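See structure below.
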């Protein structure tokens, strides 16, 4: 296999993409002058206002450096160390953050078997026991990824049902929205309709996977949860000093529908890729539904080995020969055609 | 007092500065194409090579988002939770990181009274007790800031003596180098001469305070300390996904002497400011030595109140009426003149 | 249901038992005079020697207050926070310690489905992935309970195979031996034969469930693991001040075969109970093997409700109607007969 | 120096004492029968009632294994990790618990210079800054030891003033009452008068230093602080399984004035020792006030070396040649006379 840095990484992940030109311009503009550090600047003011425009006035929003930081600090804000967090077994917080959630919160994660990335109330219910028993961790949060790690999307109704279920039992609903824009676009809804309106309590709003350079936001829909959050952020080493460069990016992303256009494009490229791959009899798309910007394809092992020589992508499940191809705001038609051609070629005996 | 975002923040901190044009260009260039995330990209390769060029081949270097992250994870790499970290009472890790060092490492910090920001072996020695006694935290690290929080700079000889003292007792020497470039320039030495060559074990190398947008590096001079560091970084939520944008900045900063030019300019502006202020009989510069890019001036209270209406800066010590003015790579002669004029004016009855 | 404190707790757990008279006498004898605190006393010297007599000279042993303390600190000694600990899904550390293992170690627990309390290499193997991948917790310890939570016992050969498997992959084998005496007696082996001789690295040796009042021991079979343990114990709030009262108990337990006699009796009572219950066609013993001092019986729901009015015991699995009855060193023949009679009566329509 | 275990430890600490006969009898009585584990037994019920008798009805009380456990979990109950705990520089939590408070709570400890073990409002006030500033730990608790580490006792009025000062600023007052009985007796007040009545919020009530074998209690005077405490205790590995043996001890200690008699005797022996030592011109008692059961004496170095051959005691401050002699419920007149004679002898040239 050739060196990673020389292979085509276009489908490796949406965080191997570049930075959208509008966002680059916003960054450059913000760099011209001085501004007070740690968020007391006008870029941050404006960006917060943009968030309120999209998510409603009654929110609190905090910017952090990265996605893991957003998830673990958002969770820390609503838990005590003896609590438990229920999530999908394939959730990013469960398998891709090197134990950061346990380390930051002290909590136990209770993984629930997902179906194509989604978790159901029926399965969650089985983890809800031991309430009040001092020997047992106390379930406190249900955390879901939207879109999921498998490129599927919870409907607004599904989220609402999960939120109602959670709230009825005194639990919070946390959403890892590293790709929430792709989900919103997929559902044809705005950002508020799939979060505040359906009962999400805390949201990690992803920037880097939708055209930003770096920066994520934690959105609190109940301000009681965020009263002390500025201290949690600083102690968690996630307070950016030159905050304005994150703020300027968010302002650009949330203006003129850029968040939407970027996500729409990525989703469309994934749909196209799936459509083309379905034409190949040796290839199976699993999960069948390609809701957002990920395509999971089951390919013959031999074909995978060949492809990996020129492309860098994740073999999601080695046993199943299941490969993940992610699209981004800057994936081109040509990129998709080239990949399809390469896969086609790799299938030949 | 007028709103913070409207006041002149030019002397508030070196992290209220903008981004150096060369670094901005490097960022823009890195954004054009795709690159594998999490550091397996060629920008990171090159940046690491640059660090080795400056600090020697036998180092390990890891990029993180911010300065607090660099400090706490570097310290975590060389401590167990029952250890103690000895530092200046006015050290950033002791007073400005909201307890992040304690939270991440589990260690106790043993603050030692500093003299103008520096700690002496004599004072450190008094904290070195209880070795082997199970009731006592075990001293493990001496941490110094270079340049110090008070704008003074340890000489290479002083650092060497501290390192020898530490190593003799089985301790590590950690350096918070948020402003290490200002220190090097002040001493007329290169980066290796004030770190690797004088016994520093772990260094936080600051970027944001010397013209970068974001990003710090942790440099390990003994690779045994960093064997498992990649896991510590990820679990500490400090692994940047689009790493290349930090790497590209570091590459630019460490090329063509940019790190030096930026720091030199900042130091020069501070020296100029000090020189001008010393002319004013009502003003006292304390500490007397202005080694790097900070000027601490004792002003009449009334004068401070007036100044604060137009300038945003830190009143370092209210009891002493001691104010901090920081310069940066982009502080201009005119900025200095304007501040001096404003101070002059504020002194009038 | 009547008040808990008034119901018969004889089968609730082996820690609802009293204190063996010999141990009570040892405690009383140790209380007569003064002794230096924190373990520098002759009782502790003697108790440590007793452990060496039973487990071999090359061990390190530390006394702590309780079983959870023994487990979490023993695990902390051999892990870093980014490690993972593999254990049975029904392991005490996974379900009965309120998340203490995660909180103390920072690690993630990877639960593996047990078969009657035991975990197999085949199932463990599936959790062993992501080695060297910075996004994944790094498997570091396999932890087993001996006897298991379901009253079964790993054979020496099984433990040896698990240890070899672990060591081959750079992992440690940890044993939660809250009931290790019951296991040894069940296998007809001595304590060394089922620990040091078969590759166990760290053992929690239980006292309270085999006739002691309080106190557990952590036995390290590789002294490199315990070099810094005294600090871990103290910082973990598990250093008993009047240590000698734990030491005196261990001395008594490990003298004249008391550990054996107590465990033998408990096991015999469990075997008897199982034999009697097997005669009742409405009752099923699951797991079938009653290796140690626990009997799990599936009873009709109605019968359980009746029994609970006079007996305090754990309904282990409500869905299965599976109840746990534990015996102890002081369970009498009469106690067993009375329980059998009560169950018999509860089954009548 | 002879082996520690052979030297006379009678003045080493009050935790080198034995167990009071009444408490031994209570333990023995509690061991006769079975009882449900983890505190659902009648001994615990009674012991809790005893605490309410002494401290008032509106308290919550939890038993734990040891003093460090009591301190760190009591503090954890009223803090977030970004808080700071203000205490004396010589406080047990600051210097004798191997960093357990930082490790369990995540908080920073802010040590304040004590005068003879006590801290004053004036000195505390200097640590109270940075409120609301995200870079600074947020002061949340003032913790005092009663009696202090130097054998002095805060008056009720002093405690009340500290509590009022704390509450006015939104802080809690925590009391490390490892020797609270000695303090109460010294002041001629009952337990409620020096805690609940003067504003203490959380108290570690010590057992082991006043005649118990093991076991401490955490008393919460505001039940809002303890709502979730049972989970904190279990996750902190401080939930005793055979709880009744701690409960039975507390019941005995709090009955028939035993707590008082034990403490009175210890205090009287200390007063006697001090009186005798004051007669020796080469000896200075520092602190001068011997309020409780500790005598600190400054002896010539040569004399200390001689004494240490037969007595085990703590050289509290080597620079000052200050030695600590503690008395306990079982220190006899003869013990005191023997020590005085030994000191007298050690002073001869």
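For reference, chains read A, B, C and D in written order, and residue numbers begin at 1 within each chain.
Operating definition for what follows: a contact is a pair of C-beta atoms (placed from the backbone, for glycine too) under 8 Å apart; a residue touches a chain by one contact, two chains touch by 3 or more.
Keep in mind the model is a prediction, meaning the values are calculated, not measured.
With every chain reduced to the mean of its CA atoms, the largest distance from chain A is reached by D. More contacting C-beta pairs link the chains of C-D than the other of the two pairs B-C and C-D.
Distance from the chain B centre to the chain C centre is 51 Å, each centre being the mean of its Cα atoms.
Distance between chain centres (mean CA atoms), chain A to chain C: 42 Å.
In this assembly, the C-alpha centroid of chain C lies 33 Å from the C-alpha centroid of chain D. Multi-chain contact residues of chain A (touching two or more other chains): 81-82, 97-99, 103, 106, 134-135, 231, 234-235, 239. Per the touch definition, chain C reaches chain A in the complex via residues 81-84, 95-99, 102-103, 106-109, 134-137. Those residues of chain C that touch chain D in the complex are listed here as 4-5, 7-10, 12-13, 15-19, 24, 27-28, 31-37, 40-42, 45, 65-69, 72-73, 97-100, 103-104, 208, 213-214, 231, 234-242, 245, 312, 330. Residues 38, 80-82, 106, 134-135, 138, 228, 230-235, 239 of chain C are the ones touching chain B in the complex.
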